[in-house]
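Chains: A, B and C, in written order; residue numbering restarts at 1 for each.
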Amino acid sequence: MSQRRLPALDPLGALLSAIGVAALVFLPFVVFKANRVVPGEARTLLEFLPAGPLLAFDLMLAVAAGTALFVANARWRLAVALLGVIAVAMAVAAAGNALTPPGNKVVRVAPGAGFWVLLIALGLMTTDAITRLRPGPAMRVLLLALFAAAAGLAFASGAFDHLSIMREYAVNSDRFAREARQHVLLAFGSLAAAVVVALPVGILCHRIPRIRAGVIGTLNLIQTIPSIALFGILMAPLGALAAAFPWAAEHGIRGIGTAPAVVALFLYSLLPVVANTVVGLARVSPAAVDAARGMGLTTRQILAHIEIPLALPVILTGIRIVLVQNIGLVTVAALIGGGGFGAFVFQGIGQTAMDLVLLGAIPIVMLAFSSAVVLDALVDLMNRAAR
Amino acid sequence: MSKPLKSVIVVALLALGGLTPSQATVVVSSKLSSESVMIGQMIRLLLNAAGISTVDRTALGATPVVRKALIAGEIDLYTEYTGNAGFFFNRTSDPAWKDLRQGYELGSRLDYEANHIVWLTPANASNAWALAVRKDVARINHLRTMSDFARWVSGGGKVVLACSAEFANAGTLRSLEKTYGFRLRSEQLIVLAGGETSATIGAAAARTNGTNTAMVYGTDGGIVAADLQVLDDDRHDQPVYAPVPTIREAVLRANPRIAQIVAPLMAGLDTATLQALNARVQVNGESAAAVAEDYLRSRRLLP
Amino acid sequence: MISIESLTKRYGSSTVVDAVSMSIESGSITVIVGTSGSGKSTLLRMINRLVEPTSGRVLIDGADTTSTPAHLLRRQIGYAIQSHGLFPHRTVAENIATVPHLLGWEKARITARVAELLRVFQLDVATCGRKFPHQLSGGEQQRVGVARALAAEPALLLMDEPFGALDPVIRSKAQDDLLDIQRRFGTTIVLVTHDMDEAFRLGDRVAVMREGRVLQHDRPGLLLTHPADPFVTRLSGTAERALRLLSLTTAGELAEPGPPEKRTVAAAASLREVLSDLIWSGTDAATVMNSDGTSAGRLTLARLLAHGRQD
């Protein structure tokens, strides 16, 4: 007699489904706060979704769970996961609208633990499905751009305007743009400056093994200085410099704000780039370099045409590390007047307004994530070209 | 300094010059808290209305950062708290801080002598640690001051106080108990790990575990919304932290009107007013600048 | 054409190459052979100034090698190494075109030269040029390495253990190919190896090095029959020397007139191969056939053995 075999259970799917169900049943979907600072009460989907949409939502999640568990085809998984994310987003938007009395600007409807866990579970399902499809680097960047565009449209449409985080944004919208620019400028600017210095230093360390230990040791030491301390330490000399060169102060070199932040970030960026340059150059085939010399390429030609191109994937990886690191570190710069998204984080902490903290923290995470994806794609492209 | 070194420094400095705007007339700054930002915005709007151009650098950073910036001349004006001078000049045990006028005069003198920083008119409020009790409890037991509170507690009043660990253990509570002659037993205390007054206020508002008294900062925005009443420190046990605009002498010399412009504003900012304004920013989530402007118009301080 | 005059290289207190003098004829293949540490690679690398001599000089066609900047000198000299050192991020065509590119050849000339070299080295002209080194087999990579060294039509080619990384089957084919190419282009070749068989196979002249000194620089046969040093004998191997000597002569060279025999051998075959063949077939004599089918004569076992005897 023929034996019906149970369809194979996908282990990740099982985990995500279990987490998702637990989140839906036990955790609050949103938190209703009478005002900005009180802790707030949990609200489940039952309390604000009418019967029809609620059924549709539960059905969607059930389909997602089923797909996660039993369907192996990556394209199907991706499609269902995306639909799940959209459903959850729509539900939380609906919560904001339903629970906010019309015209009331004081109450806060914040996404609750249940929302976050469901979003993360569906998000993991999405990224897992994408990984299974094994997209090339260009495709990955394209997908990222599509997600960003879709999210941007969703926010711009005003669907989430009643949610607590968007309320904070509404109050701070012009500052948000300004801090965003500042954050990007600080992170990328310090990186650019560091690369200009660290690349030659790395090349020197590769050429002259004697200085390698000393240079890397010094940079290691700098790396261990806690960021807040370094920012503080830099304020005095930069302030003195601004006093000695008055025109410098006029051009923005002061003891507070952008200047110490950039200098500190620059110092922190040196080690990964120098170390990766040294490692990358060391991995270049010595035979290729010997052959190049034997054929009559000058030292500069060898560096430019052979060594750097072959070391580039490793160097870019170092740059990727620095960029993600810097995006996070710029957060601390807000403490010394450097601005950036950290300003919202610290203000939120001071005022015990978690939504303000999230207004600062979420863009930082998204910025770091996007930078990592783009740079990883770049490293991938380099690797394919220069095997 | 050697010429090549000088040019290297020049180039490096030029390269460092970020988006920070260049020199303007008066750089108005503030600390990070919503109250500091709000008062900073009020001052800035008043100065603008009086024809003095300003640069907005409110929410600059933590106290040490803003203070250093003022002394170094990177900012021109920000609102400090009178009691903090005790920490700046290492004289925390001086009894002068416990009185607003004496503390103001002492701090003002010390800061001018040491740093040529002028203290303008202070507000008539204190943002010090205090105890706030539920309004219904206060009404029933006639509690208006800390002395009343001590009498009520010693007389067996059912008090449950929510406070931070620092408040309970670092000496503030003991100091109050000693000055006012009461003692809270451990079962009358709910000690929270962090220092957030929003949590203590929330506990008192919701009567969590019987809480009816909360540790607060004197001008906290949450007090009004939670229907609490701050108990007056009638025996002056705690230092007074009155908001006071501090300005660099050189800037004041260049714009002497600033003192007269700021005076009526600060004089009108008492505890109740600050609580109400802070409530709008902290609790209702309105922008500090908007609340500042609204207040100035309502008091006819802006034309 | 190449005159090495008292070339010495010292690193600190150790002398790696000790006052070596030799002259190398144009159009010949000179093999420098020795054990590792004998200084043979260093000697080779002093010719194109990858290593600068401590003392002594090298003259190429009468001109001192130090009279031009080192990198310009090297563009005139081919250089092929054991691990071929192909550039992984460049295609085969781009690799080969490296030195012509440096010398500023026009594009058309470079393309033609690359195609010619691919043909000569039996690499598929249509597909190979576009491939990357990692897509080639070991043998193909080695051929590309030599092609690259010859791309700019140098008069001199330096090779440092070029066949060391190849497996034995491909190695002998590669050696044969090198002989063909040298005949075709007429390049002077200086080749370093530790393999005595290879030295005997390829070299018009063989120089034996030991501890920085050249013990003997002679035709390979003379190394066997008149060794200048016991070390030369040791290196040649006493067990193999008779057979080695036989391998230096072809059947055609030793054939004498005589009656036709049932067994035939090619005129180009070495005496060593003929000996092996005669033993295997159990015959005493064979007819030597030219490649065009005509008879070159006959070869007897006795005559063969006599030739292999040290005399």
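The rule we apply is simple: a contact is a pair of C-beta atoms (placed from the backbone, for glycine too) under 8 Å apart; a residue touches a chain by one contact, two chains touch by 3 or more.
Predicted model only: the values in this text are computed from it and were never measured.
Taking the definition of touch as given, a chain qualifies here only if it contacts chain B and chain C alike; those chains are A. Chains joined by the most contact pairs: A-B.
Measuring from the average of all protein CA coordinates, the nearest chain centre is that of A.
If you average the CA atoms of chain B and of chain C, the two centres end up 89 Å from each other. A straight line joining the Cα centres of chain A and chain B is 35 Å long. One inter-chain figure worth recording: chain A and chain C are separated by 59 Å, centre to centre, where each centre is the mean of the chain's CA atoms.
Listed for chain A are no residues, as none touches two or more other chains. By the touch criterion given at the top, residues 9, 13-23, 32-34, 57, 59-62, 64-66, 68-69, 72-75, 196-199, 201-202, 205, 221-222, 225-226, 282-287, 290 of chain B touch chain A in their complex. Interface residues of chain A, counted against chain C in their complex, comprise 285, 287-298, 306, 309-310, 385-387.
Within the complex formed with chain A, the chain C residues making contact are 48, 50, 71-76, 79, 81-89, 98-99, 102, 132, 134, 145, 148-149, 158.
Residues 35-39, 105-106, 108, 167-168, 171-172, 181-182, 185-186, 189, 193, 232, 235, 239, 241-243, 245, 248-259, 262-263, 334-337, 343, 346-347, 350-353 of chain A are the ones that touch chain B when the two sit in their complex.
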